[in-house]
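Chain naming follows the written order as A, B and C, and within any one chain the residues start at number 1.
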């Protein structure tokens, strides 16, 4: 019984982080029709910046409360990077064939991954002190890290917040209008450039937040961005590119399938995920909730 | 003997019944104009017949065979071809290549991977001949994306014509072309199709062209056929005139029509 | 008058002959390290030549070509490990067969879509293969990979000195296969089928309306493309000595795309030029700095921003300028 419970929680934890990353990717695609291959690197930036700032602050003797406040640092850093990247490297490609964006974001991925290496070196960075600070909670006879529960909560809050933001605010209306018909929105006076940069920044913030909250539980390592991207990919393919509900559903599915795989059949865990993605693409290319 | 006949053909896009139970026939060898205001359903009808859209209901019979279930591939092989309102050409390929491709396809040679295309002299000679008929032989080596709009409209027709179809649909072959260029384009087109004995259906908005080049006119309005007859019959048809107010049905300037409005 | 008619041919020979001489003379003129780098370039050149049938000629950007290259490489490794085969000819035949089967399977699924969805699908499917190679380590050797010893060429046993074998015997063998591949692809691209592919690339709708069944043609192009990649993978395996999952991972697919773009995917030889150039670029970058990814990434971004037609695009511009100034 606890087996199911613990694994269920692990799955939710994984899904939370995946939702943040995939949600960001999907949001960007939904509004701008850009598939950012470097999106995983923004997740990595979030992880590294948070781990580094917490590490530096802890070394300087800062109290735990301050360390906690530094958690979102990575998300903010990722958002800042996004805000710089969009107008400089992505905007030139909106009028060009789609394939060029894949190329430029692939180049960006290579650049960002190595920038992390340049700045922080080859060794992993951790923010384990925060993790330990939270301690653990007793569930039945087992103990479960409280921090993980906090991450799950953050994931749920993020989902709700995003949903409200996109469906209940005026900005969200403008965002949705622009995503459905960019020319029309522009003709109606919407500053499309500004919407694009805002959407991109929010998407990067989400990816960075994913990295930021994951880093106390696992270190920031080189290559984490590339691994995360491919998983985020699977999530949006299953859930539907451009759909928030899709990212949510996809994240849950991937989280649970992966956890089941890890617990029961570790060898095929990854292959099964990619296979599910391929099957979904074959049967319903728009994904569960997407519109092609 | 009708070459093509549709029965109760219908296609709706959501609420909009673009083609509403249409019985449309085309007789062998005739030159037919399909007219109507924008949104009347002309292009949708052609899209249904050529196979771009699937009908919601109704049937299409070509040469006494029911082709409703056939894909566009089947219909093309059966002998139906079309040109496009918004020019659809292989822009990076030369004009000669564009026409040659139709011929290669017609001859079933496009799956040959192991032979050089340049060696098939017959195809290239025929392609050159078609370009000459359309007055485009000077542009043979130029990419289709690099010629003038009028020339592109002609090439679009040439590509369809090179398929040697039995039934050819020309979707607004002079749209976007300056008034000066329209007649020359239509002269070339009609000379070619008459000489080949091809049955032609032309969708057109320019009434001068319609009355000058067609033998029979079918008028569509809001997805249905409003009138069907010779140019004279249509000219005298009041219902057509009132529905198409503003268009040059009589060949006279529009503002004069308003003086006759007291009917 | 015959000079006029044959001018394009003479123009082509003007650069083909020196290049051919250089390629033939290379092992005797430069050291083994250089020869091997060139050899890797030629092998990747075959893969990218095949890849470009899809991109340059059919307008489909595959982000999963590592699957067929890797399938070719692993077929060789499996033939060694499980069937004790040592003949290069058998390796080539086996790899082409397997990569054709896999590209047929994947292709049937992928060609139903275009653009981004096509790219995503090819990527996802290649990752399926990668994850299988990665996880089933008792079969595939996992990240350690599987050893691939030097094979016999046309029945002749390999030389004892591996470097000498690779830099001479193997080099000429690969050069011969490379030449055959170039000729075959050249014919395909200039055949009626090749023209039909370009028509599909330029205007899918019109192609359909002149009676070309686009999905079928795309599939054939996909399989031919996969076969070339598989062949290249087979040639690569003995050269590398090892078949590892690195050659199946999606970032390697990205490198294949990079090579095509670097050389210029709008031309026939662009992909080959790009493959050789990229191989040299990467070899020197890796030797020069540990941050070679940063270097290559920057090159790609600059390329796509400023020189989308790649090296051959630049060459064409230069040639046109020279011709105009005459």
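General remarks:
Simple rule for what comes next: a residue touches a chain if its C-beta (ideal position, glycine included) is under 8 Å from a C-beta of that chain, and two chains touch if they have at least 3 such contacts.
Predicted model, so just to flag it, every value in this text is computed and none were measured.
Taken as a contact graph, the chains are arranged in an open line, each linked only to its neighbours along the path. In this assembly, A is the chain whose CA centroid lies farthest from the centroid of subunit B.
A simple rule picks the central chain: find each chain's mean C-alpha point, then take the one closest to the mean of all protein C-alpha atoms, which gives C. With centres set at the average Cα position, the gap from subunit B to subunit C is 44 Å. Separating the centre of subunit A from that of subunit C, both taken as means of CA atoms, is a distance of 34 Å.
Subunit A and subunit B have Cα centroids lying 51 Å from one another.
For subunit A in complex with subunit C, the residues that touch the partner chain are 35, 89, 92-93, 96, 98-100, 102-104, 106-115, 117-118, 226, 230, 233-234, 237, 266-271, 273-275, 277-278, 281-282, 285, 292.
By the touch criterion given at the top, residues 50, 52, 72-73, 76-77, 81-82, 84, 88-93, 97, 100-102, 104-106, 109-118, 120, 159-160, 163 of subunit B touch subunit C in their complex.
Considering their complex, residues 187-188, 190-196, 198-199, 201-203, 205-213, 217, 220, 224 of subunit C touch subunit B.
Considering their complex, residues 55, 61, 63, 109, 112-113, 115-117, 119-121, 123-125, 127-128, 131-132, 134-136, 250-251, 254, 257-258, 261, 290-294, 296-301, 303-305, 308 of subunit C touch subunit A.
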